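Two complexes, one shared chain (chain A), two partners (chain B, chain C).
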Partner chain A sequence: MLNWFRVLYLLIKKDIKIELQTKETLVTICLFGLLIITVFSLSTENNSLINQNFGAGILWSSVIFAGSIAMVKFFYHEEQNKTLQSLLVMPVPSELILFSKSIVFFLFLSISEIVIFLISSVLFNLNIFSLKLIIGSVVFNVGYSVVGSFFGVISSKSSSKEILLTMLLIPIITPILMFIIATTNDVIRSELNSNFQLWLGVGISFDIIFLTLMSYLFGKILEE
Partner chain B sequence: MKVNAKKILSLSKISKSYQNNLVINNFSININYGDSVGIIGKNGSGKSTILKISCGLLKPDSGNVLLMGKSFDSTEESLIIKSRMGVVLHEDMLYPQLSVLENLNFYSKILGIKNIHDKVEELSTLLNLTKYLKISVSKLSNGNKKRVSFAKSLLNDPDILFADEPESNLDDEGKEIVFKIFNDRSKRGLTNFFSTHSEIFLNNCSSQTVNLKDFENA
Partner chain C sequence: MVRQVYLIATGIVFTVSIWMIFLWAPTEINQGQVQRILYLHVPFAWASMVAIIAIAFTSFLFLYTKNDRWDNLSQSLAEVGLVSAVVMLFSGIVWAKPVWGVWWTGEAKLTTALVLFFIYCAYLLFRNYFPPGNARNRIAAIIALIGAIDSPIIYYAAQIWEQNHPKVIVGPLASEESNLNGEMVITLLFCVLTVTLLFVGLVWTQYQTNKLLRSKNV
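== the complex of A and B ==
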């Protein structure tokens, strides 16, 4: 009898082991994210008004674009070496492949965000570390990782994978993007009377709906 | 685990096309336990497609596939089938960043193999891979990658082994080893289903030959 948790653990462990050897995903997100942040920080000249008004947008666009580039790399190797096919002829339920990819990408994204947030707080002189933002980031990262992993597989077969993934990913994650930007704005501006709980509900609903939908559809797209 | 049915693989009226290019038209075949069946045909005749449909990697446009009396359409049945089959394709389907041993250990654990150490040792000795076990797959020659791919597909001692041009990339010694593996499997009542361009391989390893030319006008 197949032990789902054991197989999920093996898939996650394998991806982490590969990342520890190559360090590709983490380095891509951190470096690219920090480059975007640095360019913006140079152009705003540390103007506190600009930072307060646009800080959240700058921060999350760096995470999203850096994340999507890393996501392309994450799946490109699987497609190139046909290792996804290899798992498909093994007793591995297709949804476990999606779950494992999403969990591993969630981990890499969360670690990279800590680095990007730390540097951003210094460059933009913003105090962004709060429980609200941590909760918001976790909810955002779950949705982004699940939807990104799903479309990462689809786009990995395309010759213009970078553009395709971004074009597919960003419109779909708009609800959680709005949620995390609203939450970050609240934190940056230290606003207390916000609709955080309402937005949190939107974010969690998005995660649940897309996790269910994507795990159902993932097997279908893998069948070609 | 043996299934009490004579037929191990049944393809019935399979058709498959790629972007309006019909590759397989109404192809049917029944393979029994212990058979070693080789498919031959010119390039683009659909050999690889038939193998990929047979092992569940591709879905046919029409027709039925039954492997060990079970269908790939049911998730539960599909998992049972996959735990009892082995697949070697053109691509090595290995993680190049990991060593040979790490690859074999990973797939053994996925397949739920009990004595992983013994099994890996047995297969690496058989395929002459012992000295490469700790080397990263990316550093291996194509021939040795093919050997690792064979070792991976034999980890669960599969009831049926699908192999797409098993002789490709292998040197004479490698081919001899693969002949031995196929013949040994046949003697033990296990099934091989492979495609090839090699007459020698066909003569040495197959009990039946399917020439796709015979199906062209079917």
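== the complex of A and C ==
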């Protein structure tokens, strides 16, 4: 068991080391996310109107689309260099590969969100930094990273990676997407009377169900 | 031959349904003529919901038995399920505008139906984009299972979402409950039967087409 934690640590370290050299994933999420936000900010002169009604939608659509593009890049090298096949030869459960990918992507996504939120709060004059949003983001990022890593491996084998990953990922993550948008709306509108606990229940249940399901099914998608 | 007879019988039943919808069933007092859309909308909604459960079941059987017939049936169900979902969404939108005053609202059933449509699209897109073979069929079955497991969670989330949004019912008589009388209920049930027969017929035909395409490696 201790050995598996060591393997997981090494797998995470490998991906972080590659990212530190290329900086592809972080830069893609941050730049693409900010580009989407900038386009929205150009669409109106009255930013306060935007942040009340569409702020949450704009923020999270930028994170999701930027995240899915970065996810494709993240798995592209594994497929191109056939390194995923090499990892599968290791005498360890294949779920460890899913866990390591999910943890690394969770880290990248969280760092990118801090940057995107900081710049959005300036562009849209938003006050979004609250404990509620931090908890919500962590729950969302866990679900998004696990489901994204699972479908990232699947779509990396296809010629139309970008469209396939987005089409597979977004419908499945709808429950946590609703959860995080509702939470962000509460924060932006400073609403106290909300269903946050109910939503948090949905988010955590989604994470647990899909973490279990994806761990079980991950070995099956890699079967030859 | 059996399939041809079945499809002709379905065509006759469908013609009777059209007669019942437009000539036999009385006009609903509150909604007027537009209510007749529901005689097609509800059965197609039923067909698209049943299809996703059936796909999950046949996908599970495929993963368990590795028999290609179950995979072919899953694909055929998804193709016909997608068409049912499109008819359901389109008829629902056309009905909602005069009755609710808007084309679309954040109502739980609507959101779930739309996401269900995207799940069908994702499943079929995957089948088209991924290189053919055993791996594609196995992963497609896994995607179908994930979609089916996700559907109730989406519905539950959409219900909470609905609580956050006020209902947008602004039609002139929309707030009043509509009452279906005996003839209307009979028409609706007959239409459900018709669409179920049509659905089975289409899946059957699609199954044979896919079988032929697979045998020719298309």
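Note that the second predicted complex is superposed on the first by the 219 of 224 C-alpha atoms of A that agree within 3 Å, B and C clash if a C-alpha of one lies under 4 Å from a C-alpha of the other, contacts with A are read in each partner's own complex, and residues count from 1 in each chain.
Definition applied: a residue touches a chain if its C-beta (ideal position, glycine included) is under 8 Å from a C-beta of that chain, and two chains touch if they have at least 3 such contacts.
Since this is a predicted model, take the numbers as computed values, not measurements.
Participant: Between chain B (first) and chain C (second), which, if any, makes contact with A:Lys17: first, second, both or neither?
Facilitator: first
Participant: Per the contact definition in the header, classify A:Asn195: touching chain B only (first), chain C only (second), both, or neither.
Facilitator: After superposing on A, A:Asn195 lies in contact with chain C but is clear of chain B.
Participant: Check the contacts made with chain A and report whether chain B or chain C touches more of its residues.
Facilitator: C
Participant: Contact-wise, after the overlay, does A:Ile209 reach chain B, chain C, both or neither (first, second, both, neither)?
Facilitator: second
Participant: Report for A:Val115: first if it touches chain B alone, second if chain C alone, otherwise both or neither.
Facilitator: Neither partner.
Participant: For A:Met178 in the superposed arrangement: first (chain B), second (chain C), both or neither?
Facilitator: second
Participant: Taking the stated contact definition, name every residue in chain A that is touched by chain B in one complex and by chain C in the other, in rising order.
Facilitator: After superposing on chain A, chain A residues 223-224 contact both chain B and chain C.
Participant: Once bound in the complex, which stretches of chain A touch chain B?
Facilitator: 2, 6-7, 10, 14, 17-18, 21-22, 77, 81-83, 85-93, 219, 223-224
Participant: Mind listing the chain C positions that touch chain A in their complex?
Facilitator: Of all residues in chain C, those touching chain A are 63, 111, 115, 118-119, 121-122, 125-126, 129-131, 135, 138-139, 142-143, 145-147, 149-150, 153-154, 156-158, 160-161, 163-164.
Participant: Considering only the defined contacts, which chain B positions touch chain A in the complex?
Facilitator: Residues 55-59, 75, 79-80, 82-83, 85, 87, 89, 91-98, 102, 106-107, 109-112, 152.
Participant: Residue numbers of chain A touching chain C in their complex, please.
Facilitator: 154, 157-160, 163-164, 167-168, 170-172, 174-175, 178-179, 182, 185, 194-195, 198-199, 202, 205-206, 209, 213, 217, 220-221, 223-224
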